[in-house]
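First chain A sits with chain B, and in the next complex the same chain sits with chain C.
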Partner chain A sequence: MRGTGILFRMALRSLASHKVKSLIVGSIMLFGTALVVVGTALLDSVEAGMQQSITKSLSGDLQMYDSEAKDDLALFGGMAMGADDYGEVPDFARVQTVVEAVPGVEAVVPMGIGLATMSRGSELDRTLDALRQAARAGTIAGEQGQALVARLERLIDLLRTELINSRALLQDTTEVDAQIASIERARGDAFWAEFAADPVAALDFLDSKVAPAGGEGLLYYLRYLGTDLDQFARYFDRFRIVEGEPVPTGHRGLLINQRFADSQLKLKVARLLDDIHDAMTQNGARIATDPALTAKARQVASLYGAISLMLSPEDAHATETELRRALGITDGTLDTLLEALLTVDDANFAERYALFYDLIGPRITLYPYRVGDVVTLRAWTRRGYMKSVNVKVYGTFKFEGLERSELSGAANLVDLMTFRDLYGQMTAAQEEELRAIREEVGLEHVGRADAEAAFFGGDADSQVTGAEAFGTFDEMHPPTSDERSDERPSEAARRTITDETFTREQMLDGVVLNAAVILDRDAQGGTGDIEVARVRVQAAVDAAGLKLKVVDWRAASGIIGQFVLVVRGVLILAIGIIFIVALVIINNSMLMATLERVREIGTLRAIGAQRSFVQAMVMIETLVLGLLSGTAGAGLGAGIITWMGHVGLPATSDILVFLFSGPRLRPTFGASHLLIALVVILIVSLISTWYPARIATRVQPVEAMGDA
Partner chain B sequence: MTTHTETPEAAPIVELIGVTKDYPLGKLTVPALRGIDLAIARGDFIAIAGPSGSGKTTLLNLVGCVDVPTAGAVRIGGQTTGELKETQLTSLRLHKLGFIFQTFNLVGVLNVFQNIELPLLLQGGLSKTERERRVAEMIEKVDLTPQTRQRPNELSGGQRQRVAIARALVTRPAIVMADEPTANLDSGTGGAIIELMKEINRVDHTTFIFSTHDAHVMSHARRLVELVDGRIVSDRAPDRQAQPEGA
Partner chain C sequence: MRRAILLVLGLMATPLSSSAQPPPQAPPAQAGALTQDEMIALLRTVDDRQRNSGDYKSLAYIEQREKDKEQMVYEAVVYRRDATDRFMILFTRPKAEAGKGYLRIDKNLFIYDPTVGKWERRTERERIGGTDSRRQDFDESRLAEEYDPTYVGLEKLGKFQVHHLELHAKKDADVAYPVLHLWIDADSQNILKAQDMALSGKLMRTVYYPQWVKMASESKGADVYVPKEIHIYDEVEKGNQTHVVIRSVDLKSLPENIFTKAWLESQSR
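After this line comes the complex of A and B, so read on.
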């Protein structure tokens, strides 16, 4: 184009002489560019954070599962609350061999997700357990032993009252009458004489005749992920043991998710106090002004009764003394003191929170399990019968950086053998035996989905009372009293765990539901690399005739993985709308500027400028403006991101902790963000100037004539 | 009709043959020129006179190739303008013609030098030094050297018209059109502009065609064509004495 130099000169001069127009259009372009830079950089940072959260906690880079699965894999929970059907992968060892041979694949980690109830026996069960240990150690006569005996007597009294009350509501009272008779015997002096002489025999009696009446204790729903725990700890970088120890290689064991424990298992009053504490310290919320906190504070105060019941007599006494001193209250019972302690407001909360954990915390059971406990996991196997497994709690774990995220509590970890037991994989002999039993009792086959629907009902709360849960079980499988006692073996038997260890081969050889594919560290770059690897792994499993679907971490994580896509869509929409508005404004002001310049354009045409020159003149003017304000805008955007990266964006909610992969997002930007923003703004400039430029080219040379 | 030319053997540089120009005005058409036959020789210095609305500007626009006739033909250097495409007409304006506007029509965002340089840039082909030399020479000729870097709004009317003349002449066109070049100037300044045009005509043999109301200005022409209602009513050498305007 001839006269390009003069075009730029004219563009700059023209911009300078139409200052208001240039300023308006320029600032729109500037903010538009800054928005694109900030928006895309933030989004990419969130995506990278989310990728960290998901891939380093549960999913790995890729996931494989049954290609004929009815539901899409949702590692962080799907719609059906554990009833999702992911099909199964029958022969994991083969899958592992095939996929680990694919270049770029570092490891394949077996997995299986399920939902079980966890129980640890009632208060009575646990007291009996402790007494049995004391009897074995010969310390029953000691101070602690006597405290246990005192508690036992109290619990038996409570149970008696409970049974007598429930008897009034029953038609068939034979069973209850027998239980009450046993309890009456246990309350007699003769029994305690026997107890002193032979504690073990007395405990056996209590275990088999009295404890069953006390029910199962509290049941908790627990979502578990069965896996190769050694591999898991190795390849999922965010995994950290919080308390206790990892499950030793070749042993069965449960690791409880600390986040799950804190938000679901922990004693309600403590959970509420924690919630208030977090909201106040992290988000600066106030009980007086935040309606949710006001409600929680009120609820806390109403829960004093639950605490006094949990205190042993001597603890109750000590607590009362200490509370009186701390609160400066001289009269009233322990209950009134506890109520006073738990009556919190903005002024006293910090002090009361500390008092609760100093004075009460150590004396009550904050969590329904302790590290080292053996708990019973029960789940409906896919064949529709209930399976119980006793498993030791080795410890608790967290995903580092994601502690505050509810999503990081999505699964607890068990070894793969326990998973298979709960899943119901059996040897051929076991299957035959089961079939025989079924025929004998005439139990119909119950579909897994139906069973779980009935089992879990519609209630999403993790905690159910034993009585409720068993009520539901009874509808499914009405037990005779014989069966019932079979289902509830003696305390000693119930707490037995298998001492059998397993070899690595045994663990890998068998069914899993899905498997995580970990890519080589240096290959784990962008989404593109992962997609290449996904296609390669899919090709390898297809070639080996394995019926597997290979999906990336995003697809495997469930709804949460789609989050960034949705946000990206919203952002693009927002940017689109902003740019359409910008387009209209730029178009209008350029059109007006063009109309103001008709004489000048006519003059140029009259002295010999071609239409193309005029068009270029108008376009270059916008382009120059776009380039200048776009560069400034990209600079501004880069500045904002740098500043955000410096101070960090606080994750103010649980979901943000997960998306940010930590308590703060420190976004970064790359050249691509600046480039994309510049290209976008230049395209917008060109589009918005197309029409004014067309109008300008239509100006006739005669229009130079006439009055100024 | 007779032609006044110093080189009678040469073909006329501008020829109008039976030219009419009608302007549409709603459903009506306004006849601006009605059958003009006119031949202009190379190097002539010719004034178009006539009352307001007689068609002077229309005639200059047709010769200046910023418009085409409704009927008849306009030939510039032997080329019929009605047969040329738009880009060719534009190119003709750029290379062969120069325009001096009544209202100067300088590009406000460019300074004196840049305004004068503009047609050369549009033409292309000259080296930067050659171009700058030509522009400087032109500025010298119109006596604006001290104002070289000034913008049009920093100049007087006479200075602006001199810039316009320089811009029209810098490409060394064969024909220069000037539509009432002195109408917006006081008589002294107007006289100086006419003198400048005469000087260039004498030295470079550039053909000048200008319209005017001013009898004094007419008297400088070598040939005077008078229009009334779109027709040529007289074509003669002007009176050498300044006379009152009007017929």
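After this line comes the complex of A and C, so read on.
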């Protein structure tokens, strides 16, 4: 004990007498310790932020899915662009019963991810469709029907102008001439007389002869998460309704992700204007100097035609008048005025942006849906055929704090019954019907490899048979529509499928693709607790004979979840390199200091100091320096983190908003960060002093005398 | 000499598309390499034999097999009015799909889904009911009208001697595949095998027609040939295949207003 005290005193004396060396080595240790504290605390804060973003938006704490799935679950998007195969969980109700009985599990939320399309026909197609419905309802002569007719006439006129302009640029005008001829017919009085007499026939003509010239509509890809919407709203804390209302319990419905709507569904001209506005107001960018903004501004100006097409005749007139007044332009057509409105620069942008949303926005459809609309979703079912479902848009939602993050727009929400329709889940009766049809025909399956031998290598010399090979049509003719009417809902009934309600039991009894496990808020803690729960849940499903894989939120989120692991790896590598450099510097400094102290060490050896005493002396000297510098470094690191936590690190990109779980990261530190940093720096100190200490032990008393 | 006479007869038949005229003469059986004119005559024969001058209605069973997916089967009625190039498919079974339909008017292919009450315009590449079949697989054959042939060779397909032709789509022809390879039975002059290719030459589908049914048509005053079975193998998504069985054919006249959107809609009311 007394020896130790002497060693400490000697270490302090030595540190004081070699100030420059102590200062250099101490600074390195201080910097290293501070780096470890700041790095690990930041990383842990990012991981905690990301955990918040992921667990509170889509994943829950754990996810379960088919253990035989071909692809790994990727809630924020996989590599197969929506065609990922996560297998299926055929009986969710049983899974829920088993897992909710596991201690620490608060709830199990059913889920199913899919990709659907939502289309928006061209203006002409949509107007014709509306007219067809009016014709079916016999309301064409009414006010709304006549407004549609007026709109149609305007669209035909605009299309004619466009075709005549494009004709001048074409070498072969055969097709465009035929289209113009059809349009001329549609503009004639005789055609409108025919329209009045037989609107359906006239609409058929417009559909097949005129509408194809009006261009294709737009197709939107919509990633959706089918779930128990009530439970989702309850257990996913970041979920907030932005517009409209939640889907009522037991009803089918769609909630559109506001971020997705703004970045993917919104009318292109409005999206571009929003992008310019955000870049200018949030990042201080300028159209004149930012090439990306310059390009967007140029693109905006070219899109006036799309707006013109969307305006009804009355709105077109009103817009023209108001734009003339606002822009101070007295001549020119509506298109000229719209082009002028959309020709933006740094000086006029704010005014034009406001004008667009004040004058144009209310008169056009900015999104391909309105809250309350019934939209048609189409998806490829698991049997490979296209399934269409009408579903009502009840509202839009966001994940609070993540509004700016593109990743938060990863999925829209639908009820579980709609998901199952789009997924193509068949009832036992439907499966039986397919089996019966197959059996009725009894087609023998021939594989690709055997096809030619099977089809053309047999005994038959001719491929031709007589008409007796066919059954008579009347025998096989399917029942007429009248005969079928008792077996399936009428068209009108089918279209009101969105009004169908379902019970909770019906919703839970069926297939899902995955399920979120929400852990008890009190029991839930850090990563370790989640891993313990994961093992427990996995054991429970295994014991119940359920073929499910249980993964934590990080694994369930796909490549995003691996981000922190990658960053942690990079940080450890960086710290490792810094410490190797530090180790070499400390080692050299200590070696030099040892060589300078040969006389002192030799004298100590001469008066009886053992080699171990000398070694301990050198090592303790570094340890004391490490302890002092490390403590100061940990303090500095803690100070930096405290300051960062106070001011907040801004999320300067979409991905950072998601990683920071909001617009700013406010990092915190704990005792563990300080302790780890201190231990690391002491270990580095000891390793770096080991060699100088060995050299010191080899100093002989005679070397001290020799120097004298 | 006999071949020359037949060729002249074939050429004389060339401009005649109506079945009121005698069918064009195809090249003789067991012929060697065909000339351009003989190939065109052969394609006209293939087209003409499948064409009915009146209306056509068939009951088709369509079975779709996809790798790692459950099978899907449909029953559909195919309606054709070859004289005016009208075409329609109405799905009748299973119940969940009944009422869906395709309607071709001029160059437009529309699809109707009664579950959502909407029409949509589709392209010639549309996979009928999500299967590997296309509209052309069910519609009137227009090979001579839509493609220019070149001769590849006289080959054996199983035990049958076949003319192997390579066809390239004519300019402005609205077809699903721009390049076709056909293997036509030199004896019966029925297509036994077809391969559909993309413009790049990539093989997309192989189609087999192992059986043809010959039936008398009153309106045509001649026989009409109908494939009994069509087996389509997807060459891009290996393992995917569609098998079509024509179970019955009716060549009687159809109601006048049948090829309209209104009629198709009415079938699901």
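Going forward, the second predicted complex is superposed on the first by the 531 of 708 C-alpha atoms of A that agree within 3 Å, B and C clash if a C-alpha of one lies under 4 Å from a C-alpha of the other, contacts with A are read in each partner's own complex, and residues count from 1 in each chain.
As a convention for this text, contacts are C-beta pairs under 8 Å (C-beta built on N, C-alpha and C of every residue); 3 or more make two chains touch, one makes a residue touch a chain.
Quantities reported herein were computed from a predicted structural model and do not represent experimental measurements.
Peer 1: Pick one for A:Asp129: touches chain B only (first), chain C only (second), both, or neither.
Peer 2: It touches chain C, and chain B stays clear.
Peer 1: Is A:Pro701 touching anything from chain B or chain C once the two structures are fitted on A? First, second, both or neither.
Peer 2: Touch partner of A:Pro701: chain B, not chain C.
Peer 1: State whether chain B or chain C is in contact with more residues of chain A in the superposed arrangement.
Peer 2: In the superposed model, C touches more residues of chain A.
Peer 1: Once chain A of both complexes is superposed, is A:Ile6 in touch with chain B (first), chain C (second), both, or neither?
Peer 2: first
Peer 1: Just checking: does A:Arg383 make contact with chain B only, chain C only, both, or neither of them? Give me first, second, both or neither.
Peer 2: Second partner only.
Peer 1: Which of the two partners, first being chain B and second being chain C, lies in contact with A:Ile607: first, second, both, or neither?
Peer 2: After superposition on chain A, A:Ile607 lies in contact with chain B alone.
Peer 1: Going by the contact definition given at the top, which residues of chain A touch chain B in one complex and chain C in the other?
Peer 2: Correct list for chain A: none, the interfaces share no residue.
Peer 1: What residues on chain C touch chain A, complex-wise?
Peer 2: Touching chain A: residues 57, 59, 61, 63-66, 68-73, 75, 77, 92-99, 105-108, 110, 113-121, 129-131, 157-160, 172, 185, 187-188, 190, 192-193, 206, 208-216, 225-226, 228-229, 231, 233, 238, 240-241, 243, 245-250, 260-262, 265-269 of chain C.
Peer 1: So in the complex, which bits of chain A are touching chain C?
Peer 2: Listed in rising order, the residues are 70, 85, 119, 121, 125, 129, 132, 136, 174-175, 200-201, 204, 207-209, 211-212, 216, 376, 380-386, 388-390, 426, 430, 433-434, 437-438, 441, 443, 445-446, 448, 451-458, 461-467, 469-473, 475-479, 481, 484, 487-488, 490-492, 494-495, 497.
Peer 1: With touch defined as at the start, can you tell me which chain A residues reach chain B in the complex?
Peer 2: Within the complex, chain A touches chain B at residues 2-3, 5-6, 9-10, 13-14, 16-17, 599-600, 603-611, 613, 700-702, 704-708.
Peer 1: Quick one: which bits of chain B touch chain A in the complex? Just the residue numbers, please.
Peer 2: Residues 57, 61, 64, 66-67, 86-87, 90-91, 93-95, 97-99, 101-103, 105, 107-110, 114, 117-119, 121-124, 167-168, 179.
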